[in-house]
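We call the chains A, B, C, D and E, going by the order they appear; numbering starts again at 1 in every chain.
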């Protein structure tokens, strides 16, 4: 086992190793919801799912590892205490993770086999005389040196600041290239730590104002590698390295330089008050750094700039650091207290959110002051395939999302039929779609229940999901109706399922829809359409109501090949509302609001 | 059992618990040492490698409750000895504590009316 | 009664040690919890001095109150984590002198004074609580009620200064008046 | 027996000294309150010692302790209330900056 | 040797509780499961975060365990099977359990991790809610028993158990107990779904073992307290007295462990508002009702 703990196998260690293998505690990549979507039952297989990588000893990878999640999975693995094992179900390429200790098929049967195999692996290899450290490029840390007064001065070696002559202080940064393409991450690494200081307010001030624009506008940190980026004026979460159109609204992307005007920021984030000027960043940094400097006896004249008011007052110590100066430029909360904000990532493997979704919340205490979202969508790859045969396309769509692939395939079929000018048996089709929707609803309920800690409800929803997936529809129709009615009526769940406002269907509407679907669904997958003849040409559009809203697909077929394709999924639009619906909410509420949206990470832009 | 002996028992339990934990840690230590690896010492945040420090001036939203609690909490210092003699003292005790609690409850009502009992945003 | 003396010295030393830590550590949470444990040690001293009710009360009350204090420390201190190791004192020398002089004066008064014979007999803990209750409802009744009034005043004062009243909550304008 | 009384009083004196030092030397309102708390704790130690070794029959000694505890709680509630108000208006609870306010 | 029996009983009860918890979570009843889990944790590496407060990080679980053990010490299993029958037992139980708060603040602050810190401060908020609800019902119990001694509180219920005498107090006490030991639906500081473990999130290996162990000890202390204060402790026909108190304690503890499965987590804001706007008035009413009953009905 590569994740073994160092040490020879003594009798005592052998006992411990057996115990570890007998009840593996797993952390699931990308998440338990994906395991449910794949029809897995972890508990029935004898595994104990846990919430934190510190509690786990097995990393369970369900399905192919999305390239965007590879680094995150490596982080998760690195944070697990040894001895630790990797189980890959239906996943092949795991880099940068070490090769899996157990590889099995992606099915409940495979999971059972994996559990058996794990027991043997632990018993035989939980301890090992020779152990190699795990390392991945994403985990590397680079120590850089920066001037406390001039954060733009960054050097790889210790020395003095060329501007003011102060001694440079070390700080941690993510190693170059570790997060290529993520200006945001880069920025974090660069700003983090200020030699152990809390330079936060400023970062958030910036971030909330313009997302990536502000960051890229601030790339004076000597990072020449950072190229100009292009972003949508309406959707700041869209950042591209080359000019083009916004995938959400179709507007022309503008380069980061031109987007840096304050007007643009405010337009993008109307929720930010005018009290926070765009100048936070600079101020916050000055103050924090001046603070850090206090202990290093070297302060000269710079102090006066940081607290001009304080110095004229007699009786004040020369090294006095003004807190007024420090706090005055921080954004104020509703109650007028200026505290510091922290950026806390929730995801991509957060137990309460859809696996793969990365929600980064700026928290003022435990209240959300800003939110950013990152998903896994690879819409560009679909475009790159074109022109493609229908079969290739169907295969690609099936791999596009573990949650909603069924809808995409149905969309494709409908669109092709529309293109060919044919009609389908709508009642059969809608019954099949209703079943797909029900599956989605059950995952949605299970996810919310997990987030809220209602284990029983989650287990029930997941059990029904499994049965429905296998196709015991008729037997469980009554149970489904019972569950749905309970959620609509039970007072304990009312606070969750009666939430009002927000984009997309409200939970009440969704439950009502679910009740209709329960009556209407049929145990049958949507019918596949035959490939169009070679000479077929036409344009077709199809719309399917998913649980979260309408998904639409528009395609053009020329000579039997699909030449143009536009897939619009509800998550894309919903994701744009994240900042709005979480603003000023308590952390738990905000997470619940995100969970209620039922975003599919595979549909949300990276 | 004299009171002093009881305190000794409690003190002994404390020391014994500490000893038990130390033994447990000693046993765990005998299995192996911690291996310093990349990113293992970064706090776990669901797969994202967040190196930002989090020890900042934290904004609690329940300070309205906290302020009233600090004062109201004292009430129980008086209530326990009162409860013990309640039966002997009878109606006097009831009225006495009634007045005391009424006074305190006024404070709570005032705080309530001013919005101390809510999340401060 | 040498055991009593030994435990008194032990918990007294702990109380003093934690009291010193309060002002020596850079971490604000440590500072608050050091004060807490100092108070707990004082409570343990009360137990050793056979004031059981007061001792347990002190141990309980201070745990809660000082924990609440910790949160205010974290809210209002510049560097709550103490990683910056910044200096947060002024007039250190003068304060040291004042503290030292106060200590010597207090020691002088307490150790040079003639305390006369020391009591050896005292009521059992259960009886003590009862007597305290009788005292509370008897001679000290007005003191007890005035304590209630004091608490009421404190609650009103704290609410008045600290809480933004419901009516003129500036929330709406601040965040949405854009 | 009297040695225990003297020891308790000595510890009380020590706590008072430390508390006074803290109250005078700290720049932050919250830290100053911690000094005050320590001084009050010193008072508590002395009161209990006096009760125990001089007048164990008089429960008014214990009553006095309860009142001092009340004072501690009240002081904290009002002190933190003032701290919140000051922080809201000034962004600081540093005493140096209070002096600056006075001019 | 009278103190050895409660200790052995304590260890046995903890193990049984762990089995029950595994049963309710994992679905299968397995006697070996807790032992295996404990061994696995001993064999696991203990992690430590950088720039952390190592003292707090290490002290958190230990203080939690000490608080639990001291709380258990004043719970009587039978009239003479009790570790320390203190004159202020009920108050001491409170005092010991107040350190749960301190331990959680330490555990939350120590690792310098976001989830843990938020969890720790959340628990302080939760504490502000439940603190009064645990104190006031105990006062009402003490009024009837005329004593703070746990053994006397039990004997005072010979005529009628307190659960029938002051049901309101019992309900409030149980809610507060559930919040005190942060069991679902009041598991805000650990909140597996929201904070991915919260204060527990950074603990692994032996530290996690001590944390979990401490949690069981405190559950046991609270269930024992509920038995003592409301269910007449060892009082019961036929069976020996220690069996009665053990049985009652285990049933209450099992109920505490499993009730959260069926309820969604309460938000802190809501919990605090409920506790102060409804809970405190209700507990004052409870005291008033018990006050009148004590004076009027001679049970």
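One rule holds for everything that comes next: contacts are C-beta pairs under 8 Å (C-beta built on N, C-alpha and C of every residue); 3 or more make two chains touch, one makes a residue touch a chain.
Model, not experiment: these values are computed from the prediction.
Participant: Going by the stated contact rule, which chains contact chain A and chain C alike?
Facilitator: Common neighbours, chain A/chain C: B, D, E.
Participant: If we look at chain A and chain D, which chains touch each of them?
Facilitator: Output, common partners of chain A and chain D: B, C.
Participant: Farthest chain from chain C, going by mean C-alpha coordinates, please.
Facilitator: A
Participant: Measuring between Cα centroids, what's the chain most distant from chain D?
Facilitator: Result for the farthest chain: A.
Participant: Give the chain pair that accounts for the most C-beta pairs in contact.
Facilitator: C-D
Participant: What chain sits nearest the middle when you go by CA atom centres?
Facilitator: Most central by this criterion: B.
Participant: Between chain C and chain D, what is the separation of their C-alpha centroids in Å?
Facilitator: 6
Participant: Go ahead and note the Å separation of the Cα centroids belonging to chain B and chain E.
Facilitator: 13
Participant: With chain centres taken as the means of their Cα atoms, state the distance from chain B to chain C in Å.
Facilitator: 15
Participant: Could you tell me the distance, in whole angstrom, between the mean C-alpha positions of chain A and chain B?
Facilitator: 35
Participant: Going by the touch rule set out above, which residues of chain A reach two or more other chains?
Facilitator: Residues 5, 13, 16, 52, 54, 79, 82, 196-198, 316-317, 320, 323, 326, 334-337, 339, 342, 344, 350-351, 365-366, 584, 586 of chain A touch two or more partner chains.
Participant: Would you pick out the residues of chain B that each touch at least 2 other chains?
Facilitator: In chain B, the residues touching two or more other chains are 3, 7, 31-32, 35, 40, 42, 44-46, 50, 53-61, 63, 66-74, 77-78, 80, 83-86, 88, 93, 108, 119-121.
Participant: So which bits of chain D are touching at least two other chains?
Facilitator: Chain D, residues with two or more chain partners: 27, 66, 69-70, 73-74, 76-77, 80-81, 84, 87, 93, 96.
Participant: If two chains touch, include that pair; go through all of them.
Facilitator: A-B, A-C, A-D, A-E, B-C, B-D, B-E, C-D, C-E
Participant: For the complex, give me every residue of chain E touching chain B.
Facilitator: Touching chain B from chain E are residues 3, 42-43, 45-51, 61-62, 65-66, 69-70, 73, 83-88, 91, 109, 111-117, 121, 124-125, 128-129, 131-132, 135-136, 139-140, 142-143, 146-148, 196, 201-202, 205-206, 209-210, 268-269, 272-273, 276-277, 280, 284, 287-288, 291-292, 294-295.
Participant: In the complex of these two chains, what residues of chain A are touching chain D?
Facilitator: 309-310, 313, 315-317, 320, 322-324, 326-328, 330, 335-338
Participant: State the interface residues of chain A toward chain E in the complex, per the touch definition above.
Facilitator: On the chain A side, the touching residues are 5, 13, 15-17, 19-20, 22-23, 25, 43-44, 48, 50-52, 54-55, 57, 79, 81-83, 126, 196, 342, 344, 350-352, 363, 365-366, 449-457, 492-493, 495-496, 586-589, 591.
Participant: Could you pull out which chain B residues touch chain E in their complex?
Facilitator: Residues of chain B touching chain E: 1, 3, 6-7, 9-10, 13-14, 17-18, 21, 24-25, 27-28, 31-32, 34-35, 40-46, 50, 53-55, 58, 60-62, 65-66, 68-69, 72-73, 76, 79-80, 83-88, 90-91, 93-94, 97-98, 101, 105, 108, 112, 117-119.
Participant: Note which residues of chain B are touching chain C in the complex, please.
Facilitator: 3-4, 7, 11, 53, 55-60, 63-64, 66-75, 77-78, 80-86, 88-89, 92-93, 96, 99-100, 103-104, 106-108, 110-111, 114-116, 120-121
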